[in-house]
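Order of writing sets the labels: A, B and C. Residues in every chain begin at 1.
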Amino acid sequence: MPQQRFPKIEIKHIAPHEITFVLSETDTSMANTLRRIMIAEVPTLAIDLVEYHENSSVLNDEYIAHRLGLIPIRYSPDGTLKGGDCHQAFVPHRECVCYDRCPRCSVEFDLDVNFDKVNMSRPEQERDLPLTVTSRDLIANNVQVSPAHFLNEEEQDNAHDEGISIVKLGQGQHLRLKAIARMGISKEHAKWCPVAVATYRFWPEITINQEACNNLTMEQKQELVDACPDRILELDEITGNLKPTEGAEELATFTEDLKYAQDAMKRRPEDDDYVQVTHSTDRFLFSVESSGAMDAEDILLSSLRVLKDRLNYLAAEVEKLKD
Amino acid sequence: MTSGATIRPVRNTYQSAMGKQAIGTVAINQYSRFDGLLYTMVYPHKPMVKTRTLDIVNFDNIPAGQNACIAVMAYSGYDIEDAVILNKASIDRGFGRCMVLKKQQTSVRRYQNGTMDRTCAAPDPSVFPDGVNDKRFARFKAVDKDGLCNVGELLENGTVIVNKESAADLQVFGHVIPFERAVIRRQGPDIVERERAISDKGHDTPGPPPRAGGQVRVAPRTEGGVRLDSSPGGPPVQRHGHLARPHHESPRLKLARFPSRMTVGKLIELLVGKAGVFEGRQAYASAFGEEFGSTDTVESAELALIRNGLNYTGKDVFYSGVNGAPLDAYIFSGPVFYQKLKHMVLDKMHARSRGPRAVLTRQPTEGRSRDGGLRLGEMERDCLIAYGASNLIMERLMHSSDAFSASVCQSCGLLQYKNWCQYCRSGEKVAEIRLPYACKLLFQELQAMNVLPRLRLKDA
Amino acid sequence: MANRPERSDAFLLGDDEEKIEYQPDTKVANAGTFTLNKEDHTVGNLLRMQLLRDPQVKFAGYMHPHPLVNRIHLKVQTSTSQVAPTESLSAAIEDLSNETDHLITSVTDAIEKWKRENDTGMM
């Protein structure tokens, strides 16, 4: 007998770096599995190997390698700035048939910054200042892959920022290296994590017991409104009744302040609550923020694909057990 | 120095001692100095909560720790007592990452017979039986023509850092004295950070002779057994084995609990720090406040928290990372400044089953650096005596230490050699016994001082 | 440290490992323990909750023995001998797989719908 559910998705907002949506008609296990996969198992590209040819900067090799590893690397299949899912384009390096590395499983970046050479082309007044080597100096051997500096062209044009700084060079210093990016998941290292934040909250159910509230004075109602630091309540200007503010569901933090405030107002401890804020059990407000390596909506889609692949794999393995 | 220094003054004293062991910025010129051992933190933070003293000493510019967001709760059972559970992703991103620079050096002397130590290039590969592929030749791979290691070279166990040669005989005055090789080697895979050249100055001036050597760099990851310490009189916090939890299982960065010896200061630091985070500024927690009243009080922090839509006690709803359900309790959380202390298990752990012995006593050597044994001291021995574990005492104090077979003449009671009593001129009554070598040594030293110990043997 | 386990041990199946092993319970009827190698709470909790929704499953629980051990033990007991634990697990995976399929289509639709309604020209 199938026990399948048909969850619903309602999108609140999409931006390249952020997606908020409501997942409903499923349970916590599904919501949490999605969250866990988005954090730990969505594959992305990140610099994994660095070959140094010359490093006379103030930072040592390991330090720079660590910094390079944490730069989000974006795979944009169609020449736009959109960060796409890279799992079809690359194979995990451990599964690749090549001997060491090949374009199928890795992307090479070259970085060659020589202070003395670059300094000639800098404005006169800046020549005494140290030169910052940034992620923009990384040149990939694959046009579809680039370090993620900006989410869109507009931001890139407006920002004063010059990419992600790697190290500052002074006179006579030279940094030349080859960085090799590979596909991986953040179970191995957090640099492969596509999300900065991936969280969900239970949808709050705010019930106001108007009958009980009628026994309250305006001052007491105002006190209840003030008690909530997350500002989920307000007074109706016309009727003077308590009502949830607009978008209260997205603001609610389930704080205990409200409970204490109304307990103090009750005549008897067993009286009904004036306002109740409870966790809904099958409605989740997700908020996913990308690190820049992938667009937020693609992270969501990719996580679903990872889950689907995993379940298919497990199903096949269970079939094998039956024999 | 200690933020929120309040009750329990001892803890302030402890922190004053411990703050000096924290890894951070030693001095502005730390990379130009040639310290014997230098610990530096890779990504130090300004503390989220500071004090007036920290301002006066410019601590923000030479920080020695990192702000960690902690949640105070029991989670998973691996966080007993002082342990904290770290988020694995935060370690990956550089939490607690440090760099250790160690000096390896040797002296280059001039001797009375006019000879002088010299450093020279690697020997010709033809000296070795397998030529270039010889393992003994491979040890010299880091050495440059001047006999010193190159900067940036990877040193493996046994790699030569300085190829030094000294005259074989330092007493003889003559023209041709053969030189012997004396090298300094390095254990473990490290990387040469800097080399130190020999200067000509100093050979004839008093003081220590000039030295040659290199500084090697080790980059240990934050791992099991690193000592962390939070400043407001917090105790040393020992991190657990490899039990850093993956990001997707951690409610926040770190989990800890406050044993009763923690001061109110830590609670205040956390609350004031959390308010500071949301207000976007560093918070103040000087001990007695200041005249101009910039110190953040608990009240002002609470108001700031409420202003930012949080509960004034600093507690929030947290969700379990394992099954996604909200946790039953409200969890107290916020930033705390953690110092990483320079004690690392990797530098301290030691065990041996067999190994070198001291020449004089034939007992195992002492200390980790000499691969020494672990001493069963007098107090431990007393315990064994009290318990009556005589065989264990025999094993620990003799068989596993410096057991020695000696001949004893039963008529004169003196230690003899090889079944022949030179004193009695007879081999008849010489018996073989086992005793600690140190004991035999004692008897002989006493004899040398005209005290004659005689052994009276009995059948056991 | 020297004996640190490889990070990739958490998700790469070893050469001598099976993905799923099944051990029927010797004392309890219609029960058995599945060992899922290289899996963690992500799959464990999902399968457990899905199994619990099956009326023919009497018991379903999983255990992650230790944070350094990369496997989970999933114990399943069914209420009748008509249904083997393997069958229930298979059905649970099937249901979840369909649920995921449904999610994929609804997410794709929802994203398209949102973009149509909020045409910012950004995309």
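Note that a residue touches a chain if its C-beta (ideal position, glycine included) is under 8 Å from a C-beta of that chain, and two chains touch if they have at least 3 such contacts.
Please read all numbers here as calculations on a predicted model, not as lab measurements.
Relative to chain B, which chain has the most distant C-alpha mean position?
So the farthest one, by centre of C-alpha atoms, is C.
A-C versus B-C: which interface comes out with more C-beta contact pairs?
When B-C is set beside A-C, the one with more contacts is A-C.
Distance-wise, how many Å sit between the C-alpha centres of chain A and chain B, to the nearest whole number?
38
Centroid of chain A to centroid of chain C, CA atoms only: how many Å?
24
Taking each chain's centre as its mean C-alpha position, how far apart are chain B and chain C in Å?
The computed centroid separation for chain B versus chain C comes out at 44 Å.
Would you mind listing the residues of chain A that make contact with two or more other chains?
28-29, 32, 36, 40, 187, 189
List, in ascending order, every residue of chain B touching at least 2 other chains.
248-249, 323-324
Enumerate the residues of chain C that touch no fewer than two other chains.
41-42, 45
Would you pull the chain A residues touching chain C in the complex into a rising list?
1-11, 14-16, 21, 26-30, 32-33, 36-37, 40-41, 94, 152, 185, 187-189, 297, 300-301, 304-305, 307-308, 310-315, 317-322
For chain C, which residues count as touching chain B in their complex?
Residues of chain C touching chain B: 1, 4-5, 41-42, 45, 67-68.
Which stretch or stretches of chain A touch chain B in the complex?
Going by the criterion above, the answer is residues 28-29, 31-32, 35-36, 39-40, 52, 55, 58, 60-63, 66, 70, 186-187, 189-191, 193, 199-202, 229-231, 251, 253-257, 279.
How about chain B: which of its residues touch chain C in the complex?
For chain B paired with chain C, touching residues are 76, 78, 223-225, 241-243, 245, 248-249, 322-324, 345-346.
Quick check: in the complex, which residue numbers of chain C touch chain A?
For this pair, the touching residues of chain C are 7-8, 10-12, 18-20, 22, 36, 41-43, 45-46, 48-50, 53-56, 86-87, 89-104, 106-108, 110-111, 113-115, 118, 122.
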